[in-house]
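Letters A, B, C and D mark the chains in the order given here, with residues in each chain numbered from 1 onward.
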Amino acid sequence: MFHNFIHEYLRGLRTNKKKIINDPVFGFITIQSELIFDLIEHPYFQRLRRIKQLGLSCIVFPGANHTRFEHAIGAVFLMRSAIGDLRIKGVKITEAEAEAVTAAILLHDIGHGPFSHALEYSIVEGLVHEKISVLIMEDLNQQFDGRLSLAIQIFKNEYPKKFLHQLVASQLDVDRLDYLRRDSFFTGVTEGVIASDRIIKMLNVRNDELVVEAKGIYSIEKFLIARRLMYWQVYLHKTVLSAEFLLVNILKRAKELALAGVKLFATPSLSVFLENKITLEHFQNGQTYMGRSLLAVFAGLEDDDVIASIKQWQFHEDQILSYLSGCLVNRKLFRINLQNEPFLESQTDSIKKKIVQRFGVDGDDVSYLLVQDSITNNAYLTDDNKINILQKNGEICEINEASDINLSGLSHTVRKYFVCYPKELDIR
Amino acid sequence: MFHNFIHEYLRGLRTNKKKIINDPVFGFITIQSELIFDLIEHPYFQRLRRIKQLGLSCIVFPGANHTRFEHAIGAVFLMRSAIGDLRIKGVKITEAEAEAVTAAILLHDIGHGPFSHALEYSIVEGLVHEKISVLIMEDLNQQFDGRLSLAIQIFKNEYPKKFLHQLVASQLDVDRLDYLRRDSFFTGVTEGVIASDRIIKMLNVRNDELVVEAKGIYSIEKFLIARRLMYWQVYLHKTVLSAEFLLVNILKRAKELALAGVKLFATPSLSVFLENKITLEHFQNGQTYMGRSLLAVFAGLEDDDVIASIKQWQFHEDQILSYLSGCLVNRKLFRINLQNEPFLESQTDSIKKKIVQRFGVDGDDVSYLLVQDSITNNAYLTDDNKINILQKNGEICEINEASDINLSGLSHTVRKYFVCYPKELDIR
Amino acid sequence: MFHNFIHEYLRGLRTNKKKIINDPVFGFITIQSELIFDLIEHPYFQRLRRIKQLGLSCIVFPGANHTRFEHAIGAVFLMRSAIGDLRIKGVKITEAEAEAVTAAILLHDIGHGPFSHALEYSIVEGLVHEKISVLIMEDLNQQFDGRLSLAIQIFKNEYPKKFLHQLVASQLDVDRLDYLRRDSFFTGVTEGVIASDRIIKMLNVRNDELVVEAKGIYSIEKFLIARRLMYWQVYLHKTVLSAEFLLVNILKRAKELALAGVKLFATPSLSVFLENKITLEHFQNGQTYMGRSLLAVFAGLEDDDVIASIKQWQFHEDQILSYLSGCLVNRKLFRINLQNEPFLESQTDSIKKKIVQRFGVDGDDVSYLLVQDSITNNAYLTDDNKINILQKNGEICEINEASDINLSGLSHTVRKYFVCYPKELDIR
Amino acid sequence: MFHNFIHEYLRGLRTNKKKIINDPVFGFITIQSELIFDLIEHPYFQRLRRIKQLGLSCIVFPGANHTRFEHAIGAVFLMRSAIGDLRIKGVKITEAEAEAVTAAILLHDIGHGPFSHALEYSIVEGLVHEKISVLIMEDLNQQFDGRLSLAIQIFKNEYPKKFLHQLVASQLDVDRLDYLRRDSFFTGVTEGVIASDRIIKMLNVRNDELVVEAKGIYSIEKFLIARRLMYWQVYLHKTVLSAEFLLVNILKRAKELALAGVKLFATPSLSVFLENKITLEHFQNGQTYMGRSLLAVFAGLEDDDVIASIKQWQFHEDQILSYLSGCLVNRKLFRINLQNEPFLESQTDSIKKKIVQRFGVDGDDVSYLLVQDSITNNAYLTDDNKINILQKNGEICEINEASDINLSGLSHTVRKYFVCYPKELDIR
């Protein structure tokens, strides 16, 4: 009698649908559409409860344990506000479009795995989350009998009313409006707070494109500066970088060992990605592992898989793996040096020499103990998907031209270089 | 060269000690004492980063992912405020006492395992976290060369200045002052917010006992009511209860299978607790597992171990285990009925019958699909550790007598009864 | 051409009606109805911008400068929420009723003069603001061609759907929901914050009466406790009381002098009330002063009239008037003693003796330097307009019965006695 | 016995000094110094309770009723934080310096009259508040037996440790840190919120000058953008401008009439300024009016004097005065047109013609019904008192060079032109 019932159970069982979600950022969020409700209930979406929005940032900002689940729900709330406010201004948005664009924002991050950026740098190289998002949406579309077709069109920017896509993905999308505010809230970096409600009230549509009304120009300036601040102070915080690249190296080492046939504990889902070279084609070809599609396996991969495995690797016999794992689990992070210019080869050579001396590792393995990379940040991109201002005379121009301060600096790419290495090297 | 270095590494390596923690609830928290700093750095404490303060409550309140780590740090902040304010009023607190009582509050929850209440109901039956806390503190005391002796004395209420213990554990301790405010913040249940700074400003000491100055009486009333509200609306929220008892049954089933020799995946730390009947004696006797002391194994057990294992159990061949696990992972929780009176046997019998019919389980296994229990709540206990009010004439009396509303209702134990069972049973 | 144009100007001139108000408590408040907009624009309502909500409380809570204008707008916001939420639950509220009940809450305090309670104790004795509110509403109703008839009916509780009146005036009306939250916000007494949005979401209607759904019971308990706290900590704060009774005595003295023919500066509107014994009949009989109806003169009386006059009285030759005025303007308030029992005659006699000695005033005038009175507070009244709980079984019972704590204490009237006298008397 | 006692009373009577102020922005503010306490108690400072910080801005932002009193207290709070944080970094600040710089910030705005900017444009032309502030401080210094000498030195930037003056008055002074945050709080323009605590934590001193540590650079950028936003959205809000220039014209007209001998009601303090041409010399020469020094008369001039007088002027026989007064009191503000270029003479001529036609006023009086002016704003001034950044290598450079975005736009002066005229002119 248990047989087969899970499938049945997972669909539509809940008759008394719960509609109000308590969000510490926006208060009560009401889910009004049944489709949105059913998507939230789906295991593919429920897994986002177990994937942190900011990955390892909680190592620096202890409050930053919020998840991709909350972010997606918050973005739904803001999308609903934006739709309401645009309609008041006379912008035509049909009920079907409203539901589709809401579904699109709900699912915009569905393809993220745990510690997404670190994963993409290590065990699923070349597998960007946007691609997986589309695969999952298409899978859901089948399960929901095509009811997500319009949402997918909007998500892929294939729908004529471009502003709908822009609400989902542009330099002023509700994705950013939610995450900046939410990340500020949970990290305690209050300076990143943006007035999402005010910005939304300033939106309008001209020629099917999103524009900001002229009086909103100062709010946009402030939004761009706040975003820039959040990048440098939170997302690219040097200690967070150090932790993330430590994680990258741990996963790389584990995969190297696994591929070489060394036995190591891992949760079943993670094992699949350690023991196999996975590419996008494996997803598309419908390859199965452990009797499940690769997509299903991926959908079972969450923060806990990574953490539970690394904790055990502290006791692995491979000294590099155990060392790196211990450093992450016990927060003994690598020293990180960050600067505006590339490091000289002489500098990194000197560090390498110390690593060889101290740890007795040979040539190739040195790279596990020395991270060398760079990060870049643009507060505003001028080439693509500009933020457009609707002036009082009805003309439209780019924010850069409309603002009477020079925002060109914001569109300039800032690159910073860093090296990370064990703190012991500093000790004599 | 890797050999043995971890131990060395884990102690005192960090020379440039980071002192400011960004807390979304209280803002910047400065850690002033080196002992406190070193305790925070210790792996025993770092593990609290991976144990949620409210266990499964995030299943109802998606923002409630905050951890025991943050709570302990917040309590340290409040303890420092309380010490400062009491000193201003002339209460004598030596530097050593101040550090000790701060260490005591920092470590007061150190013995919590993941999903603590559920665990104590299932795989570590009879093993309350307070006992483990003391064991860990004593272990730490050895590692820190006796520098925690005074903290432990205070924690155990063996120190003459009783008010120090009362700040750590009483009906108006800084533990409660932090968790009520913090849990309100992260759940979004704003009604639970208490004015912790105001209450602290009202504290004083008479005859070595904590008292509240008369003008603080309304704040205390409000504190008691807010706590009561948080119990019913968050901690004992019926959906949270349903999820927690589902978890209890999953762990019970897993342990039953493991003890019966059935193979099932679990992370190594969890395996120890599934495959062995663990009692307090095992901790005290210094029993080792996987080459580590039981305490060390326990200290490696975190939320991720439980979640990663349950996720895999969805695919286990034992139908009860896989069914229950799927329900929790995919948030298909049991229906819960809650009422003020015990359920009649006829009512539960009728549910049992349906369970047998629907799931084909036999007698003993029915209990995995039917939870039957009760919960109680007291907003205020009159028998022990009363909240005392310092009146303007210098006399001391209990809050119950001092308040001109009748608080006796608050000290009345409220008990509620509930049953939980699969939602399918409601469907015809 | 200037001739007569003001009248014309005051009506309907503004074509581009401004619809959004920036409220620090609730954020953007949108005014959707033209009637409400026009009422807000009316001079009778604009005057509320110049009348502080909490009178002299700002003497203790420097942030408490918020006005009756803001409170009324905030109450409109909450009323709109309540209407929306009730309609979702199926409660029938026609558009006309919605507008009327909103107008009623907008105007519920329109009859307040400056420092209302002090005024009612002194120069307009026996003239309660509720009566004036009705007079003004009726005057407005004429000006608006009867469009306020339904609002007045609801205000006077003469409309069959009683819950509409209860939203305007009852123990759980939106008046209280706004003022508790707003007064908390501006005084900084964060403990008074109530979850107005949550309470509103819990409202429902049965038999045309307002009820609270059972799960809202803890919120109501907390609301009652918060209100009680605000009474004792803010509204009846002893220093505020001292300031208010000082103001009462100043106004009494000024009126005594004015009636006796002593010349004293006052703004023209205030002069009317100082130089004449005004009763409700004078309003109803259409008596005119300075060429304006008494109602128009009253509507011109604001905080600034009182303050500007008292400031000048500091230099008046009447020593009592100048002394009292100097005390208020320069915040040299009277000492206030507050206790639960009446003061003994011997105690007050001793103070009187000192007053005579120190200030050389004779018998009758002593009362200007010695205030003797009492205050009472009930957190909850049981006799009238009870808060009713809608239980899960559909039955309705009073909050007192539904709550499992004993709220009877809250309905007990607490009376406190006080005397105020110049601080100099304490000095030897 | 009343004789002479006020003077005695006003000094030092209060023995039980109240030390904690409840501030809705920063919470509890403790006044620790007796000098600061006594200054707050002084009538010169108490008057700030009756002068709004933002003048007529409350006509647009109804919550903006906060006063100069609260701002000064808030600035004291931030100054105390800054002193504490700088001392932790090893900056030497003696107790005397700490008290002096705190007194200086407490009194920095003491010379403001009611609706300061409007007043300076009309009845006290050429009399800037900074000058009066110094006069009042010097008067207080005499009353306090020279205890303010150091504070005055710092205020005038005559003290060697320049950073103390910079904390009081510079582009990053605690004045701005308080007012931006406070004005954001009360207007509800949340985007203006700045992280004052974070900026203060970033301050340091090099060569006796204030510098910002490098990691604070993003906070400074955000501070500058927030300030710019507050200027355009609040301080220079077009409707606020319209109201302020209406007030200017009212006061100008009243003064013109008064000087011409026309009788008009005014409170005594205001009368002095209407009936006499007052210059700075009158203050310095110790001229007296109504038996009081001009400074004392000025210190008696508050918002209520202006409002109470204008209210009465609605009924004055001079049609221009009564018209303008009615417009302000009843919020029938002038239409305002704002643009980046100067208005053409042909445009303003056309408005003038309409004014003559409609109101029948003759040539000179037209200017009362047509305001023509311009406003300017610089977010950051490069010429003077630059914000300096302390880089990691110990070098100091200006924010403009240190920031990797181009802040030059912020130092560019933006000028906007506007005309205001009666709304009736738009109606046909």
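Going forward, a residue touches a chain if its C-beta (ideal position, glycine included) is under 8 Å from a C-beta of that chain, and two chains touch if they have at least 3 such contacts.
From a predicted model like this one, the values you see are computed outputs, not experimental measurements.
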item: Chain at maximum distance from chain A, centres defined as averaged CA atoms; value: C
item: Of B-C and B-D, pair with higher C-beta contact tally; value: B-C
item: Centre distance in Å when chain A and chain B are each reduced to the mean of their C-alpha atoms; value: 31
item: Cα-centroid distance, chain B relative to chain D, in whole angstrom; value: 51
item: Distance from chain C to chain B - Cα centre to Cα centre, in angstrom; value: 46
item: Set of chain B residues in contact with two or more other chains; value: 27, 198
item: Chain D residues within the chain A interface of the complex; value: 190-191, 193-195, 198, 218-219, 221-222, 225-226, 228-229, 232-233, 379, 403-410, 412, 414
item: For the chain B and chain A complex, residues of the former touching the latter; value: 1-2, 5-6, 9-10, 13-15, 21-25, 27, 41, 43, 46, 49-50, 52, 58-63, 65-67, 69-70, 73, 185-189, 265, 267-269, 290, 300, 302-305, 307-308, 311-312, 315, 319-320, 322-323, 326, 329-332, 358-360, 423-424, 427
item: Touching residues on chain B, where the partner in the complex is chain D; value: 27-28, 197-198, 201
